[in-house]
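Heads up, there are several structures right after this.
Heads up, the next two complexes both have chain A, just with different partners, chain B and then chain C.
After this line comes the complex of A and B, so read on.
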């Protein structure tokens, strides 16, 4: 009984934090934060658990978003089914791409992934112009019908839905961390030879991790599509490839709640700074360099040990 | 069937494109081979080279002055960047340097937007003369670009095989500790290599400028092709880089005669096939940790 309480405590706190923030902060900001959090969770898992730095996250985001958009634009009108289609699209996409990619060393993996992001961007912008409508994007805001209980077409109810999804995503990833599979993931990052010696297959562990992480990213893409009511190639632009990595680093690599903290900090900075100076790239690029050189443990990575000592003297749930 | 004239001009076009890609990819490849860093900021020096070719070319009236200025400026910037930033991260994982250099690339795009704005700039082709190659009129400028790549390849080969610094660099690619043990200043070798790579990227940018529009995002657009070339050829191999640059140039150029949209995708499919057979590329070495 107590164990169950301890297990859920962190997640419940995080959800409470998100709910509390949505009372004070503007709605579009919170929606952005929630979707971004889900977006970054996949990237965080890849870096922190598998040791793969993926510059191709926009590609998987775009796959999810466009799967949803195709369904909502051409076939149906139910946003919930649309999100499901998006997740399915991401699942199929990563199942197809995965076997090629996870055999690679981590440096090749990063480069191939970035190339994938550029190729997906090309596909959506130029090659498949007849069905994606190129730079004009697909607009389906008015085509979505309202859903029962939580109406996804209304931003405030979408936020509630988003927080619920975030809850399940975090519960899933926390569960994953505690299983043997989670331990294997960490082991494949730290010492793949030893893991192989014990009798596990590095390939299947990485492949499963790759599929899980990228399906989560596709889920974020699908939610973006439903929330914004349109998709355009800009969403998967390779120039935004650094975003999930910056947020992961900002939050703290491999920590469970890093993505939330990073997403709040990053979205906040983006709002404030792009209002002050128009040149967003200049700032974000040098911020990335700065983080890499000076503070590579991130906000949550620094805070967590302190919090753990002050707030919960008994829990030693840190992985660093 | 494709007619011969179209095919010949396509092949020449592909060779010149491959030459520019080669100049760019060789920097990435050398940096990885020696320092074990993935230096995405080469694409930034490429953009700077192109912008210098535009600005200096316009100011002095001579395009070649612009290219020279671009090469020098790119070399200078890469020197500063190496001293200030890369020096601190050589010890870390290669992917670590990739994130840092991607930050530099994005930040550099911001700097370019600050100075030159977002409007694409045209650069005039220095010579519009055409020569006759097997009955097809070919612009001389493309042949000049190919000539540059040949000179650079021969120059790099001579540098690496005939000079003492080049020999030290080749030895350090094999085993950096042993070279350091011989009393050779490895950190100077790193700087030299990085500056050469940066200058070559600047040269590539300057040479590419008249063939495309110069805009802030040009580095990101070329990046995918340079990556594919480096991966197909194998990280750290100069010969592999040359061969795959020529192949990719031809695939893009001749492929676009057959069916244009697919030509952009073909190198990617090629890369996947190569990786399926050889996960380290055509000439990449299987050893990883040093």
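After this line comes the complex of A and C, so read on.
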């Protein structure tokens, strides 16, 4: 009973934080934070657990978003089904791409993913313009029907849905962390040869991790599509390839709650600073350099041990 | 009894390496190596640094593809098999560098091996290395070199391996731990075969049933009579 409480405690607190912030912060900001959090969770898993940096996350985001958009634009109108189609699209995409990419070394993996992001971007912008409508994008907000219990076409209810999805995503990744597979992921990052000494295939571990992470990213893409009621190639632009990595580093690589903290901080900085000064990207760039220099474990990576000591002095390191 | 490397070997070997050659790219490191290990035997490879001892173990474990020859364990040719399949088959390699999965706890390190081998009984491991019991929840990276070596050997013994390939197990360890490992190796030999690369000659003399001297990638001598395995007999190859 106590173990169960301890296991859920961190997730419950983080969800409570999101709910609390929803009461005081603007709705669009919170929806952005929640979706961005799910987006970054996959990237965080790949960097923190598999040791793979991917500059191709926009591609997987776009695969999820366009899968959802195709369904909602051409075939159906239920946004929940649309999100499921987006996740399925991400799953199939990862299963097809993964066997080729996860054989590569980390540095090549990063670059081949960037190349994929470029390919997906040009496919959606130029090559498949007859079905993606190129830069004009696909608009389907008015085609979506209301869903029971939580109506995803209403932003406030979409936020509630997003927080529930975030809850399950965190629970899933926390569960994964505690399994033998989670230990294998960390082990393959620490020393891939040694994992083979005891009988594990690095390929299988990385492939499964790749599929899990990028399906999560596709889920975020699908949610973006439903929330905005619109997708365009810009969503998967390679020029945004660094964003999930920056947020991962900002939040704290490999920490469970780093993505949500990073997403709040990054989205907040963007919103606040862009309202104050013109060239806000430059300022954020300097700010990020500063944060990395003074707290290389990221915001949550630095705060978590301190909070664990202060709030839960008898049970540290429960939320890795 | 000292014989040359081409001595005929019997069919009862659990591990038989025949005519093994290997190279790192263009650089040949092993030439026509013959080594055999019988069940319950401790076989030691001695030689100077760079002689090819570690390359031999890496070739057997599948990390270095042989250019010629065969590696047969329990009637199965290991050449061409993936390293993790060789480990699953029961030929386990314990490398020299004592690098465990530093961010995982001792328990998690053992769990990884347990899951891979479906052997969840740690009694024997903890009997060999009772110190591990005290450090179960400590991250392996925070253990001493000797403790890490214990963890690596303990981890490798899970799943009742057919052969353990152990690379320089006592390098840099305190004499007390070396003595402990010596006793453990003797006990381990009752359940598996050991092929050990070692430069600690007193240890080799104390435990080895057979010694191969390796020089410049070749087996230059084999001492298969236990009484003939002496410090002086081995020292000439270091």
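Everything below uses one rule, namely that the second predicted complex is superposed on the first by the 301 of 320 C-alpha atoms of A that agree within 3 Å, B and C clash if a C-alpha of one lies under 4 Å from a C-alpha of the other, contacts with A are read in each partner's own complex, and residues count from 1 in each chain.
Convention: a residue touches a chain if its C-beta (ideal position, glycine included) is under 8 Å from a C-beta of that chain, and two chains touch if they have at least 3 such contacts.
The structure displayed is predicted, hence computed values, not measured ones.
Q: Let me test your reading of the model: by the given contact rule, A:194 touches which partner, first (chain B), second (chain C), both or neither?
A: A:194 sits against chain C, while chain B stays out of touch.
Q: Classify the contacts of A:281 with the two partner chains as first (chain B alone), second (chain C alone), both, or neither.
A: A:281 sits against chain B, while chain C stays out of touch.
Q: May I ask you to decide whether A:163 touches chain B, chain C, both, or neither, giving the answer as first, second, both or neither?
A: neither
Q: According to the contact criterion defined above, which of chain B and chain C contacts more residues of chain A?
A: Answer, by number of touched residues of chain A: B.
Q: Mind working out whether A:127 is in touch with chain B, chain C, both or neither, as first, second, both or neither?
A: So A:127 only meets chain B here.
Q: Does the superposition put A:292 against chain B (first), chain C (second), both, or neither?
A: Once the two structures are laid over each other on A, A:292 reaches chain B alone.
Q: Report for A:114: first if it touches chain B alone, second if chain C alone, otherwise both or neither.
A: Only chain B; A:114 stays clear of chain C.
Q: Which residues would you name on chain A as touching chain B in one complex and chain C in the other?
A: In the superposed arrangement, which is not itself an observed complex, chain A uses no residue for both chain B and chain C.
Q: Give every residue of chain B touching chain A within the complex, in rising order.
A: These residues of chain B touch chain A: 32, 38, 85, 88-89, 93-96, 98-100, 102-111, 113-114, 217, 220-221, 223-224, 227-228, 230-231, 235, 261-262, 264-265, 268, 271-272, 275-276, 279-281, 288.
Q: What residues on chain C touch chain A, complex-wise?
A: 61-63, 82-85, 87-88, 92-95, 99-104, 108, 111-113, 115-117, 155-156, 159
Q: Write out the stretch or stretches of chain A touching chain B in their complex.
A: 53, 55, 100, 103-108, 110-112, 114-116, 118-119, 122-123, 126-127, 238-239, 241-242, 245, 249, 279-289, 292-293
Q: Which residues, counting only chain A, touch chain C once they are in their complex?
A: So the residues of chain A touching chain C come out as 180, 183-184, 186-187, 190-191, 193-202.
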